[in-house]
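Just below sit the structures, each encoded as structure tokens.
One chain, subunit A, appears in both complexes that follow, with subunit B as partner in the first and subunit C in the second.
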Partner chain A sequence: MIQEKIREKARELLSNKTVDLIIGFGEGSLPLRTTPRFIRDPEKVNRLIWNSFCENNLATYLHKFSKLKVGIVVKGCDARSITALSLEKRFKPDQLFLMGVPCQRMVDRRKVGRAVKGEILQAREENDLIHVKGDGFEIALEREDFLYPSCQACMHRNPIHVNVTLGDPVEESPLIESYHEAKRFEQMSPEERWNFFERETSRCIRCYACREACPMCYCTECFVDSSNPKWIEKGLSPSDIQFYHIVRAYHQTGRCSGCGACERACPMEIRLTYLTQKLNRDVKELFNYETGIEPDIPPPLSTYEIEDKQDFIK
Partner chain B sequence: MTDQWEPKILAFLCNWCSYAGADLAGTARIQYPPNIRVIRVPCSGRINPLFILKALQNGIDGVLVSGCHPGDCHYISGNYIGRRKSATLKRFLEYLGIEEGRVQFSWVSAAEGVKFSQVVHEVVQDIKKLGPAKRLVKRSLEFGVRSSEIKNRDSEL
Partner chain C sequence: MTLKLDKKDLKAFLETLMEEYDLFAPVKLAEGVSIYKKIDSPDEVDLSTENPQKPAKEVFFPQSETMFRYEKAGKRYQMTSTEGVERERVILGARPCDIQAFSLMDDVFLGKEYKDVYYGNKRKATTIIGLACPHPLSTCFCSSAGGGPFLRKGSDLFLIDLGEMFIVELLTEKGMAFQKNKFFREANTKEISLAKGIEEKASTKADASVPIGGIDRRSDLMMENPFWDRMHEKCIGCGVCTFLCPTCHCFDIVDEAITDKGQRVRNWDSCLFPLYSQETSGHNPRPTGRERTRQRLMHKFNYFPKNFGRVACVGCGRCILYCPVNFDIRQAIKLTSPKEIKKVKDEVDLTRQ
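For the complex of A and B:
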């Protein structure tokens, strides 16, 4: 079982001092939730778990431990984020030990919540079923029906460039699923697209949870916080919120692994991954680049080819 | 003068080619529409996508970005880097629903006064077709009143 393998490896790494710290997933305080767990004591590795709710991208936390040697549990997307961050020279060589876990794709807890009436008090996962129990109901739900949109679009479930892979590789999804949100959105008319974007962003409360959850958003001063130049006003004017969301997404061009952490972090349930998915699709199409696959090729916007497409330029 | 709406267009021109091209158009008395406001930048690679978005937010009807032809960049590769940013930004804005043609790109060398005039003609024509920018524009309700609205208000009273 993967959970056992994670614990075993974590114990080994901590005992022989290969790493100072293990970052993994632990049991959350609510059903269907997990929480990032930081473990330094080999005796406490039993707090690590693995299930279909390990949705966070743990790479985000690496920025806080620049002085430690860190072992980290990574899914396919997390591993790609880390490769992308390494390209941006965020880590010292050999600072990280990646424990890759082939990902079964994560379950959208909000979708599960909407599928039942009332509050979920208990949840348990068994094979491909999720048993949820609450006040006056107890049902089993098919795991496959409740996957995150970003997980459905995922083409790299098996982690790459990791130190060790725990568990058997999984079969990658069919190519037809890739960028499915962006493909669907592209079919709409510009008016429909703008109205959708306007409607979604109108709920934004500017908590910046999407930024905080993203491993690639590590600037010491974000453009929204900058007062000179003051790119964006404080407050909830629709235009400023739209501006924020456009730029937050655009800053991920060629850097986003499509993990979907931004969308999961959003308390207002704003759709966000369709934005970054489009950027990923364009980068793939224009520059044949996918984030976190090649550890030696520089990010697309920091380099160029003489033959880049320029049919849009007069 | 008629009361007809005229688009406001912001042009980011690189110092070494397009700005000189615009200058040449001027000294050679080549006519082009007066709708553009020029901002001189050191290189087309200097243009932060935020500049373009900020311009749109502040109610500019169209943006023209112009730099040196590929291979002519004063800084060797600035325009190539800028080209990648432009390509992704243009596609992304259109994907969001900002009309195609609001943001346009061109290569104009220092010797191409005629081309500069042509480009401006084309851009102005395109933007006129699109009409005034509405999307992403910061509404006047929150912070002061737009001058066009003041004009309307004055005629009402």
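For the complex of A and C:
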């Protein structure tokens, strides 16, 4: 069982001092949830768990622990984020020990919550079913009907460039068409696209959960926080909010692993991944580049060649 | 005084209400997402939603509020005040937790030392129609925080949903002004006892076991406790919990200016953002998540009680529900017991060696 393997490996890494800290997932305080767990004591590894609710991209925590040797539990997307961060020289050599887990695809807790009438008080995962229980109901739901869209379309469930893989490899076959959100967005007319973007961002409360949940957002000073120069106002004017979201997405070009952490973090349930997915698709089509696959090739917009074609300049 | 309002009359009631008042009520923005908003049409009002994400504090303390406008006129500047409230207001459908939070906000904005005119003018002009919570969630702990799902204190009128109708209780002078409202009729004893039954059932549901009592004393000596070394680790430093908290009230004042005109604006701010405590010199007295998480919890459970005699938490559970990493304030509160603190301290000491 993967959970046992994670614990075993974590115990080993802490005991032989390969790492100072393990970052993994622990039991959440709510049904359908896990919570990031930080373990330093090999005796406490039993606090680590693994299930279909391990939705966070734990790579975002690595910026907090730059002075420690860290062992981290990673899914396919999380591992790709770390490879992308390594390219940006965020880690010292051998600072990290990646415990890769072939991912079974994560479950969208809000979608599950909406499938039943009443609050879910208990949830249990068993094979391909999620058993949920509340006041006056108890039903089993098909796990596959409640996966996050980013997970449904995932093409890299097996973590790559990891120190160890815990669990058997899974088949790389998206359940739905890859880049489906981007394609749907492309099919809209410019006016429809704008309306969609405008409607979604209108709910933004500028809590920056999307930024903080994202491992790639680590600027010492985010452009929205700069007061000199001041790029953006801090209120709720639509143009400021839209500006933030456009820049946030563009800054991810060729750097986003498509993990969906931004969208999962949003308390206002703003759709965000269609934007980054569109940029990922463009980068794939124009440069045949995918984030975090090649450990030595920087993202296209972070580099240049003197022989680069410039035929777009007329 | 106990009356009733048939739900089939709700729309007409709201229409007449809007003739006299600016109406603020829950509006659904997307599946499962709602906020309190100024109502343009009664059809927008959605009283069936769960407690909206954004708390009702926004009606008195908007996330972004213009304090005044200025414009160059010849050699001088012309100032325009935005302090006034043009019409009387009604908040409809605020839950008891949010209404309890108003009284905490009053301590801050309408306290002895300082009276905030922007908050005060709106507050004074507002009639509050509370809505009882028949189904508290498992994350609700209002009953631990001095409130309860049917707490009427702070409401001028109070609604209890009976399915086909609302029971309407008139509680204050502002509420009694609705006594003659043509859509309100006398409730019969059967309806009143039905409402009582719902109340009794609901009151057992909100968690009353979160140990908030005495937390201000318990947390007195916690400032330098290694407890914080661990507490903050999972916090990613976003503003979800503070922005969605009905009692968090920190703001930042900025000038939005273009050439010769502009406006002074105050925006919600969050103590979890590094920029919040960043000083002009570049020094930040709260440099890491450790100090910032500590600030958030200590403000709620230590400093605020010191200043105003009660904790700045009403147990609405929003910070628990919407935290992207499942930081649970109830667990943090429980960890402040001397026994738990010692456990954490021992663990930190052990791993520090």
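The rule we apply is simple: the second predicted complex is superposed on the first by the 302 of 314 C-alpha atoms of A that agree within 3 Å, B and C clash if a C-alpha of one lies under 4 Å from a C-alpha of the other, contacts with A are read in each partner's own complex, and residues count from 1 in each chain.
Following the convention adopted for this analysis, a residue touches a chain if its C-beta (ideal position, glycine included) is under 8 Å from a C-beta of that chain, and two chains touch if they have at least 3 such contacts.
The structure displayed is predicted, hence computed values, not measured ones.
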First, second, both or neither for A:S15, with subunit B first and subunit C second: neither
Which superposed partner A:S66 touches (first subunit B, second subunit C, both, neither): neither
First, second, both or neither for A:N288, with subunit B first and subunit C second: neither
Which of subunit B and subunit C A:R211 touches, first, second, both or neither: second
Which superposed partner A:N46 touches (first subunit B, second subunit C, both, neither): neither
Touching partner for A:K278 - first (subunit B), second (subunit C), both, neither: first
Which of subunit B and subunit C A:K234 touches, first, second, both or neither: second
Subunit A residues contacted in one complex by subunit B, in the other by subunit C: 233, 235, 237
Subunit A-touching residues of subunit C, taken from the complex the two chains share: 29-33, 35, 53-54, 63-64, 135, 137-139, 230, 233-234, 236-240, 242-244, 252, 254, 256, 265, 267, 270, 273-275, 289, 320-322, 324-328, 330-331, 347, 350-351
Residues of subunit B touching subunit A in the complex: 49-50, 53-54, 57, 70-71, 77, 80-81, 83-100, 104-107, 119, 122, 135-139, 142-143
Complex interface listing, subunit A residues touching subunit B: 182, 185-186, 190-197, 223, 231, 233, 235, 237-240, 242-243, 246-247, 249-250, 253-254, 275, 278-279, 282-283, 286-287, 300-306, 308-310, 312-314
Residues on subunit A engaged by subunit C in the complex (per definition of touch): 28-30, 33-38, 40-41, 56, 60-61, 64, 110, 113-114, 118-119, 121, 202-203, 205-209, 211-213, 225, 233-237, 264-265, 267-269
